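For clarity, chains are labelled A, B, C and D in written order, and residue numbers in each chain start from 1.
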Amino acid sequence: MQLDSLYQEIILDHYRSPHHTGLADPYDVEVHHVNPSCGDEVTLRVELDGDTVTGITHESVGCSISQAATSVMSDLVIGKPVAEGMATYEKFLELMQGRGNVEPDEEVLEDGVAFAGVAQFPARVKCALLGWSAWRDATARALAQNESQDAAQQEGVSNA
Amino acid sequence: MTDARTTFSSPLDLQSVRADFPILSRELAGGLPLVYLDSANSSQKPRQVVQAIEDHYLKHNANVARAMHQLGAEATAAYEGARDKVAAFIGAPDRNEIVFTKNISEALNLVAHTVGGSLKPGDEVVISEMEHHSNIVPWQMVCERTGATLKWFGVTDDGRLDLSNVDELINERTKIVSLTWVSNALGTINPIKELAAKAHAVGALMVVDAAQAVPQLPVNVAELGADLVGFTGHKVVGPTGVGVLWGRYDLLASLPPFLGGGEMIEVVRMTGSTYAPPPARFEAGTPPIAQAVGLGAAVDYLSGIGMDKIAAHEHAIVEYALEGLKTVPGLTILGPTEAKDHGGAISFELDGVHPHDVATVLDTRGIAVRAGHHCARPVHERFGVQSSTRASFYLYTTPEEIEALVDGLGFVRSFFKVA
Amino acid sequence: MTDARTTFSSPLDLQSVRADFPILSRELAGGLPLVYLDSANSSQKPRQVVQAIEDHYLKHNANVARAMHQLGAEATAAYEGARDKVAAFIGAPDRNEIVFTKNISEALNLVAHTVGGSLKPGDEVVISEMEHHSNIVPWQMVCERTGATLKWFGVTDDGRLDLSNVDELINERTKIVSLTWVSNALGTINPIKELAAKAHAVGALMVVDAAQAVPQLPVNVAELGADLVGFTGHKVVGPTGVGVLWGRYDLLASLPPFLGGGEMIEVVRMTGSTYAPPPARFEAGTPPIAQAVGLGAAVDYLSGIGMDKIAAHEHAIVEYALEGLKTVPGLTILGPTEAKDHGGAISFELDGVHPHDVATVLDTRGIAVRAGHHCARPVHERFGVQSSTRASFYLYTTPEEIEALVDGLGFVRSFFKVA
Amino acid sequence: MQLDSLYQEIILDHYRSPHHTGLADPYDVEVHHVNPSCGDEVTLRVELDGDTVTGITHESVGCSISQAATSVMSDLVIGKPVAEGMATYEKFLELMQGRGNVEPDEEVLEDGVAFAGVAQFPARVKCALLGWSAWRDATARALAQNESQDAAQQEGVSNA
């Protein structure tokens, strides 16, 4: 029973056929994140158009939870403004850290509600957050990079 | 009796505090009761701390971080929970600023190694003559390795930091200022906040040895203005085998690793490795898990009583003890003789009797004090004495124990026929 | 069932051993009994060890060496008594060859720092692909610092050290050979004695990571022929927060200090310091006193049972487990698949199920195993796997627990529909 | 009572007026030993004539036990063959480590028997041994130095 609440069918489906895998070109920033305690790894590319996330692709090795969570994260964030993606992350984080006492918001989290059971397995919370942390890092870098390019263009300076 | 001694008053209910420390009612050889006046050396432990350690080993023991099973999750929650508790206890803005070490000596070596590793010839490190060896030797070692120069504050005749040349000492070449907050030998409480501001004004980092401060004073590292602050578990009614380094997160994140091994890594390849972010970066190998848990229980215990009350008690006891010691003929106090800005340790000389002999004679009366240079040889050299006797106090120290010390010193004098 | 499984026999009275470990009869969530198969990660503690720690804190606690009073003498006797016990347990010729550290990771860093500090470009350090990160990263760091070159033994397909190029690897440029005795990931037991002789033949030092060996094998460092050997308290039924470095005395005496601070000094002057002889030279600051006392109780406990019997039990359980695991379809064992020269840890892959998922599903049945790379990423890379599941055993492991594991793996397969 | 057994009159007498203090010239070897845990220090000079200890002088800072023990040690060793001094040391060490269970041999230890009570104060044993360790170190060095000088002379080589 506890097990089924962890391994919901939605999770196993995303695990068996994850969305947005295969690293696409072009992209703004690529990052590589690992979970040092268990060895899960994700390589993730992000593309922004202004403040909107136009693309996320990833390649990862890892358990069902980390793979499925990265797949669901991509679904949730692609096409949304960065700020909305970050807000979704906050909701997801709250769910993960809630030790089972947080009611998930299906409006916001969509397939992400399937991860509610993970919160009862503290050791697996990191797995569910790996893809998110990669996306947040990549996005922050992409924003900074695009900003400095904009600034350079406005000043009429062109970077090689 | 002087006024201070007759009007002793403390906000603590000493009887109930003492009931938490079983060792205090232990019988020594010859049926003597214990008068433990060596808490600056190591504090005693309340049963709550010992119980927390026992519970951990017998019910929740497993390795942390890496273990995915239920015991592993419990052990990790306990260990990381201790990090939360310690962060709250010292007012750290971020739990990830708390690094667990084995003692404060390791913490200071970690700082000397990682911050000090980038020192160059011409750079200066400033310490003081009243430091504990653990805040001297690591800096000597790193200065020798890097060619940087070690400078130090002197100590005034009344045992305060000699600040007369502060602007000369802390100058544009200064990269690190590392000072004790409360001296373990003289009891002096140093003006860290002001000195941190001076250090920052020249772009230097401020490191604080708070081994004697955290046990006695309400501490808020965010307000202190220092960059790195260390303390040690066994002096805050916690276990041996655990210490703490707090550092500003961005500073910690900019430092290279210290020890290499499990837990502190990100990816290990035979051809090279990358490292985890703080605090993991600085916690190589299996950490002192049960000891951190015990330390968490210790800071809970102290918070439960209230650090403000503990500080007030410490102040009252020090005042009482200073007055009492001044009544002993031939006794000279090293360091400040007034209770203002005086921590809970008093070192002294007794004319004609060597400190070891003082300590041994007191020991035969059940009174435990320390004799020697208390790991602070330079400050003894500064005062031209080879060693001293030190009495130190904590939340469980009673005025009766101070009386026993004063009476004991009278006996020492008569035994050695100096009376 | 195969023959090996039906004929299980151990020299230990498992029921009485298990009675000493209260955690083993703990109830997990959902009322499940605990099946603890993660002892290579951290062992459980018998009540004798926990009691010794409690006794120490509640009756004899004080700082050591420096304290002259009765409690100080008792604490010192307990701490130094633990040194005697550890020396006897591993056959050290001289008690002063035992250095207490916080874990074996610190011990290996100490060695890399002090022995490795004198390396020069052109010098070589030899490790292996099956090392724990704690015996890789410190060497990477010191090689980077000194310009020396890191080399390593490969691992054969059946999980043994690849000795085919040993005479090329260990050559006249080799200064240090540092190898694990028993692999924590593969279970492999390495031929340390032979390799120590090879190292000595070219004038190199032999360092041994005995973190997994000391718990399982009768150890005599004098006979082993190595120069430096480390192990860690929490894996030998002892406390966290304490490790041991053994070294030949003349070698230790020739090494510079590692961490600086109290206890490790001889004379401290502001202008420079001199250092104490070993072991004090390497024990800066207040040592893990209660932890050493607990470790002393732990080695007493193991000696009381008999390390030869524990080794025989471990062998029997490993044989039983190997046979059992071989009955699970789709299961591939990493490393040696025969019990000969096989320590008490077995890592494996299960087709179609990620190790974390294996571990989590087993956990819901009360079975605690480890999933990941067990702080040995390179050997996983060597076998082309990202991670594995590891079951590991100790003196309290029963054949019924192995059965529970085998059954549990069957359930994992059916749950993930790979059956 | 315990106290009086530690601080015997003989010890206090030696403490108040220690024998063989003041560093004499000539000497073969000078050493400086410290007890790092408490800070006691002794500077000690030794002079040998062949295998006989012809002179010991010392200057020390330290407690009554360490000062008196150095004084008594000097009395016991001066004029004796090195081997006999070492044998006396062994007896003294045995007494110190005996935790009060060793009967001191007054024939050999003379005033040294007064230290029997020290054995019951483990923290003070180091004090009683400080002067002895200085003497043993100095003597070992002096023997080595004299031997190498002899060897040099026999080979007809002279050292500056």
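The definition used in the following text is that a residue touches a chain if its C-beta (ideal position, glycine included) is under 8 Å from a C-beta of that chain, and two chains touch if they have at least 3 such contacts.
Chains and their UniProt names: A, D = SUF system NifU family Fe-S cluster assembly protein; B, C = cysteine desulfurase.
Keep in mind the model is a prediction, meaning the values are calculated, not measured.
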Required minimum of steps from subunit A to subunit D, each step between chains that touch: 2
Most distant chain from subunit B by Cα centroid: A
Between subunit D and subunit B, distance of the C-alpha-averaged centres to the nearest whole Å: 37
Mean-CA-position distance for subunit C and subunit B (Å): 32
Length of the line joining the C-alpha centres of subunit A and subunit B, rounded to whole Å: 44
Numbers and ranges of subunit C residues touching at least 2 other chains: 29, 66-69, 72, 263, 265, 267, 356, 360, 363, 371-372, 377
Multi-chain contact residues (two or more partners), subunit D: 37-38, 121, 123-124
Contact pairs between chains, per stated definition: A-B, A-C, B-C, B-D, C-D
Residue ranges of subunit A touching subunit B (in the complex, touch as defined): 34, 36-38, 41, 121-124
Complex contacts: residues of subunit C adjacent to subunit A: 29-30, 354-357, 360-361, 363-364, 371-373, 377, 380, 386-387, 415
Residues of subunit A defined as touching subunit C within the complex: 2-3, 6-7, 37-41, 61-66, 121, 123-124, 127
Residue ranges of subunit B touching subunit A (in the complex, touch as defined): 65-69, 72-73, 76-77, 263, 265-267, 276, 280
Touching residues on subunit C, where the partner in the complex is subunit B: 22-23, 26, 28-29, 34, 36, 38, 41-42, 44-45, 47, 49-50, 53-54, 57-63, 66-72, 102-106, 108-109, 112, 129, 132-134, 136-138, 140-141, 150, 152, 232, 234, 239-243, 257, 259-265, 267-270, 272-273, 284-291, 356, 359-360, 362-363, 366-372, 374-375, 377-378, 381
